[in-house]
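Both of the next two complexes hold subunit A, though its partner changes from subunit B to subunit C.
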Partner chain A sequence: MTSAAELGRPALIAALAFASGGGVLCAVGAMRGRSDLTRAGVRALVATFALTSLATAGLLYALLTRDFSFEYVSAYSSRSLPVGYTFSALWGGMEGSLLFWTLLLTGFAAFAVRGADRRGSRLVGWAGAVLAAAIAFFLLLLVIPADPFTRLAQIPADGRGLNPLLQSPGMMIHPPLLYTGFVGFSIPFAFAMAALLSGRLDEAWFTSTRRWALFAWSALSVGIVLGGAWAYTELGWGGYWAWDPVENASFLPWLTATAYLHSVVIQEKRRMFKVWNISLILMTYALAIFGTFLTRSGLLSSIHTFTEGPIGKWFLPFIGLMLIGGLALIALRYDSLRSDNQLDSMLSRESAFLANNVLFLAAAVAILWGTIYPVIAELFTGVRLSVGPPFFNTVFVPTGLALILLTGLGPLISWRRMSKGALLRIVRGPLIAGSVTIFVLAVVGVRSLGAMVAFGLCAFSFAAIGAEFARGSGVYRRRGMGTLQALNETVARNRRRYGGYVIHLGVLLIVIGFAGAAFNKEVARPLQLGDSINIGAYTMTYANFRQDSTPEKEIFEAEIEVTRGGSYLTTLYPQRNVHIAQGQPQSEVGIRTTPVEDLYVVVSSVDPDGTIGFRAFVNPLTWWIWAGAVVMVLGMWVVLSGDLPVAVPVSKPARSFEPGVVKA
Partner chain B sequence: MRIARRCLRVTTLLVIAFVSVLALASSALAGSDDQERATNLSRNIMSPFCPGLTLHDCPSDASIELRQEILTMVQDGMSDAEIMDRLEQQYGPIISAVPDDGRSWLVWGLPAAALLGGGTLAYLAGRRWTSRRSATPEPSAITVRERERIETELRSIRGQWGGGR
Partner chain C sequence: MVVILIGLVVWATTRQGSISFYMTPTELLAAGDAQPSDSYRVNGEVVPGSISKDGLSTSFTISDGTTEIDVVTDRPLPDTFMERSDVVARGNYDGAVFTADEVLAKCPSKFKAKA
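What follows is the complex of A and B.
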């Protein structure tokens, strides 16, 4: 059978050729100072993107036309798969997700490098070369060990279908956002490496990629939260975060990227921490690639590792090369990367940022260690061990709480230096807010120490950030503006700063949601038709059930009537479905969500007589996690919609690999 | 000012004392109930039936049975260590959510070292930086961008006032 998908593999091979050629052109152009060569390299990268798009379109076409002669199509789709989820099949398997990753990488690279070339950036040659090398690696994977266009000798009548867990609206958005985040960090990474390679070590590399870093971080943040929301509504265990290795793999680059976004402010304001910032972006990118390696190598067993494959061994040399190359370049340029300024005082905004970085990095090290410990232990002892949620909660919660304290404290401390008296004066209000919160919680009978500290710190930081907004808008209010108008004016005049504060407010709301988990209640037992069960103030009655079937699945739906204090509240319809193609049972959760608490019910099993295994949870404050994420997105929009960065005047290169100074 | 500072200090100390007493009281009360002990144990056990989830979180039927077994063991008067031993014999050491094979100091040691080491390094570096601070004051701590923004805003304010007069 011939189809448009026939073009896929040749397109990938041509893309590989263009990427390799483009990389060489960019590198030679940068070394010789020949902008014509660099420009040709940039065009080759654009062609690589076009060819990868063609290949992706080919695979999508094969998926949509149900061309089961392709191994990938038969493994991850079926005739009954809805069209919408056929798009999800693109990232449902290893080969497709690598193709999707490469599509994003080539697209971002072409866009960023072309933009930089038009602005006349001197870093474009080396950045193009670094990006081309990464693109060539992924294309090589697609051409050799992970070919998405492999044909089957015998064409099956129907495909095996997509994993039912992936058949949810959340899974249409969560993976693309995570990938956008991971891949987006390639751009600041490439420009950082370009700065090292070219010796142009001023602020140009991060000012020109600031939006990319923020964009990638935003996509990753939203992707992680959506992953949590997906787990909450689809997996049916009552939680949203299990410290699963693949969740950790997405969280690790988020931690280092968050550290980077904070610490780069110091380089911008004070020209300090230059080595540190380049190291952070290197770490972030390495961890993003490591995340893909973890997911795709099958090294760790996890509910997320839907796709285990033979490409693990390809990733290790790539990550190794990237880390060794990056570190060697940093070492080579170390002298030129020394800070222009010194720390004036240990009590200064700079120190607060430093503390923030130590905490983020310590958290990343701890989580990385816990994630890979089972593999290392097995390597040395031959015994498989687990490192699970108790470890991660113990190491992360205190660090996270300290970071929440800094969220409030940091903005109050002035740059360069501050007297203790001044700090005490300014911190008094927030401190009182925090203390009163803890006191009130204790008086009303809250007994969870962790939750009390979390709420207290959130109150402290809310008050501190609120005061910042009040101080900022005070100027405009005194000029006669209304409160809202003054706030709007304040934010509009300094979008990065106040957008950052809005993001912090979102984070605080999310922490409130997390802290609510300390008060979770749950109940589990089999129910016969007509049985009732109590949890918290709710009484739930198993009133009825309904059975149905579609070509895809056998549906069992229970009708759970909920009353509170004797009066009817709502009816929930949790489902227990069996997907026919996979024979895999799956729960659809019934949720009543309010800002106070969620009532969350699951049917965990069904007997032929209609008796159900029933589990119910009351999860206080979970709603605030999603609300906080929305506030964060608002903050991201405020920051990203701000002015384009003004290029910082280019300083003379330190020692360059450019004309005249090239060492043979 | 001094009174305010003293008030603040006293309030902070009171809150800390109050919270500590509560924490002690709640930890003394915790674990008295069999069901609670069984639940706590299930949070420290990885489910053999759901990869990546603790036994407490795992929604499968088999895990409900295992949770019930653990509750029975608790009611039979077995200690937490005895229960963990029996489960490890049955399912292997992978079932313990945090390794308890005598090398567990290794698991906990590195994160602690990272935090303490990182903190100490940052503190020492900070002190060194502050002590050898150059005597010459810097021209300005604001960036090119900030200066431009200030100038634009000053211009616009001047413009507004100029128009109003």
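What follows is the complex of A and C.
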């Protein structure tokens, strides 16, 4: 059978050729200072993107036309799969997800190097070469060990279908967002390496890729939260984060990237921390690739099962080469990367940023250690171990709380130095807010120390950020503007700074949601029709059930009447459905969500007589996690939608910027 | 700073439930009841026909192909738990029955293992 998808494999092979050729042209162009060669290399990268798009379109066509002669199509889709979720099948399997990754990488690379070339950036040659090398690696995977276009000798009548857990709207956007985040960090990484290779170690490498870094970080942040939201609403275990190795794999680069976004501000303002910044972006990219490796190598046991495919071993040399190459370059250029300034005082914005970085990195190191410890232990002692959530909570909660304190404190401290008296004056308000919060919580009988500290610190930082907004908008209010107009003007005039504060506010709200978990309640019991069960102030009665079936699944829906204090509150309809193709049961939870608390009910099993295995949770404040994420997205929009001009250095700039790269 | 970090990691490691032994049924049997009070994670496939329920309590047998171990739990089981599913049970072994505080079934998420 001929199909448009036949073009897929030749397109990938041609893309590999263009990427290799483009990489060589870019590198030679950069070495010889021949911009004509570099430009040809850039065009080759654009062609690589076009060819990869063609291959992706081919696979998508095969999926949409249900061409089960392709092994991939028969493994991850079926005739009854809705069209919308057929797109999810594109990244539902290993080969497809690698193709999707490569599509993003070639697209981002083409846009970034073309843009940089037009602005006349002198980093473009080396950046193009580094990106081409990464692209060639992934294309090589797609051509040799992970070919998405493998044909089957015998064509099955129907495919095996997509995992029902992935058939949810959240799962349509969660993987692409994570991939966008991971892949997006390739751009700042490539320009950092280009700065090292070319010896142009001014600020151009990060100012010209700042939008990419922010964009990648935003996508990764939203992707992680959506993953949690999906786990919460689809998996029916009442939680959203389990410190599973696969979750950690996405969180580790987020930690180092967050540290990076903060520490580049110091390099911009004070020309300090240069080695640190390059190292952070190297670490972020290495961790993003490491996460991909970890999830596909079968090295660690995870609740998320990925094919323990043959591609794991391909990643190790790639990561090794990248890390050794990156570190060797940093060592080589170490003398040019000296700080132009020294820390003036321990009590300064610089040291607050430094503390922020140390904390983020400490959290990353500890979590990385916990994640790979089982592998190390097995290597040395032969005993297989498993590291559980208590380890991760113990290392992360204190560092997280210290970071919450800094969220409020950092922006209050002035650059270079500040007197203790001035600091005390400025933190008085927030300190009162925090203390009052803890006092009130203690009086109303809250006994969880961790939660009290978390709420207190959040109150402190809310007050501090609020004060920043009040100070900023005060100028405009004195000119006669209304409060809202003045706030709007303040944010519009300095989007980066106030957008950052909005993101911080979102993070604080999320922390409130996390802290609420200290008060979670749970009950589990089999219920016969008419039985009642209590949790917290709620009484739930199993009033009725309904059965139905569709071509996709058999539906069982319980009707749970909820009363509080004797009066009717709501009715929840949790489902337990069996997907026919896979024979897999799936719970649809019933949730009544309010800012105060979620009532979350699950049918965990169904007996033939209608008796259900019933589980209910009361999760206080969980709503604030999702609300905080929305606020974060708002902040990201504020930052990304404006120009990102380079901030004015505090001391005189050591050198001027390249023309044309001032606006990122 | 490094000292604080190491201290924190060491402290976290010693906390209850932080680290548990991860074994197959064969390895668990070989370890015998030498450390009966320790927390284990045992990984295997649910033997078809072995699942039986009694109220909230479920018992089933998991196997690694050579050794079978009986598991009993009164905790709710995840959606992905069924015959032949690959599960990890966390709990204690008294030499005869593995009492699980938690049963996780690997979600065949994204990249389904080849059958």
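In this text, the second predicted complex is superposed on the first by the 641 of 664 C-alpha atoms of A that agree within 3 Å, B and C clash if a C-alpha of one lies under 4 Å from a C-alpha of the other, contacts with A are read in each partner's own complex, and residues count from 1 in each chain.
One rule holds in what follows: a contact is a pair of C-beta atoms (placed from the backbone, for glycine too) under 8 Å apart; a residue touches a chain by one contact, two chains touch by 3 or more.
On a predicted model such as this, the values are computed, not experimentally measured, just so you know.
Novice: Between subunit B (first) and subunit C (second), which, if any, makes contact with A:165: first, second, both or neither?
Specialist: second
Novice: As a test of reading the superposition: which chain, subunit B or subunit C, is in touch with more residues of subunit A?
Specialist: B
Novice: Based on the superposed arrangement, let me know which partner A:239 touches: subunit B (first), subunit C (second), both, or neither?
Specialist: The answer is first: A:239 touches subunit B but not subunit C.
Novice: Where does A:384 make contact in the superposed view: on subunit B (first), on subunit C (second), on both, or on neither?
Specialist: both
Novice: For A:431, select first, second, both or neither according to whether it touches subunit B, subunit C, the two together, or no partner.
Specialist: Touch partner of A:431: subunit B, not subunit C.
Novice: Applying the touch criterion given at the start, work out whether A:553 contacts subunit B, subunit C, both or neither, answering first, second, both or neither.
Specialist: Neither subunit B nor subunit C is touched by A:553.
Novice: Using the superposition on chain A described above, determine whether A:174 touches subunit B (first), subunit C (second), both, or neither.
Specialist: neither
Novice: Does the superposition put A:344 against subunit B (first), subunit C (second), both, or neither?
Specialist: first
Novice: Pick one for A:97: touches subunit B only (first), subunit C only (second), both, or neither.
Specialist: Touch partner of A:97: subunit C, not subunit B.
Novice: Give one of first, second, both or neither to describe whether A:358 is in contact with subunit B, with subunit C, with both, or with none.
Specialist: Both partners, subunit B and subunit C.
Novice: Touching subunit B in one complex and subunit C in the other: list those residues of subunit A.
Specialist: 235-237, 301-304, 358, 362, 365-366, 369-370, 383-391, 395, 399, 524, 587, 602, 604-605, 613, 615
Novice: What does subunit C use to touch subunit A in their complex?
Specialist: 1, 4-5, 8-9, 11-13, 15-23, 27, 41, 43, 53, 55-56, 75-80, 82, 86, 88, 90, 104, 106-114
Novice: Flag every residue of subunit A that touches subunit C in the complex, lowest number first.
Specialist: 75-76, 91-94, 97, 160, 163, 165-166, 175, 235-237, 296, 301-309, 358, 362, 365-366, 369-370, 374, 383-392, 394-395, 398-399, 524-526, 583-587, 602, 604-605, 607, 613, 615
Novice: Report the residues of subunit A in contact with subunit B in the complex, numbered from low to high.
Specialist: 235-239, 242, 244-245, 268-270, 301-304, 339, 341-346, 351, 354-355, 357-359, 361-362, 365-366, 369-370, 373, 377, 383-391, 395, 399, 415-416, 421, 424-425, 428, 431-432, 435, 438-439, 442, 447-449, 452-453, 456, 493, 524, 587, 602, 604-605, 613, 615, 645-646, 648-649
Novice: Residues of subunit B touching subunit A in their complex?
Specialist: Residue positions touching the partner: 1, 4-5, 8, 11-12, 15, 18-19, 22-23, 25-26, 43-44, 46, 50-54, 57-61, 64, 92-99, 101, 103, 106-108, 110-111, 114-115, 118-119, 122-123, 126-127, 129-130, 132-134, 138, 141-145, 148-149, 153.
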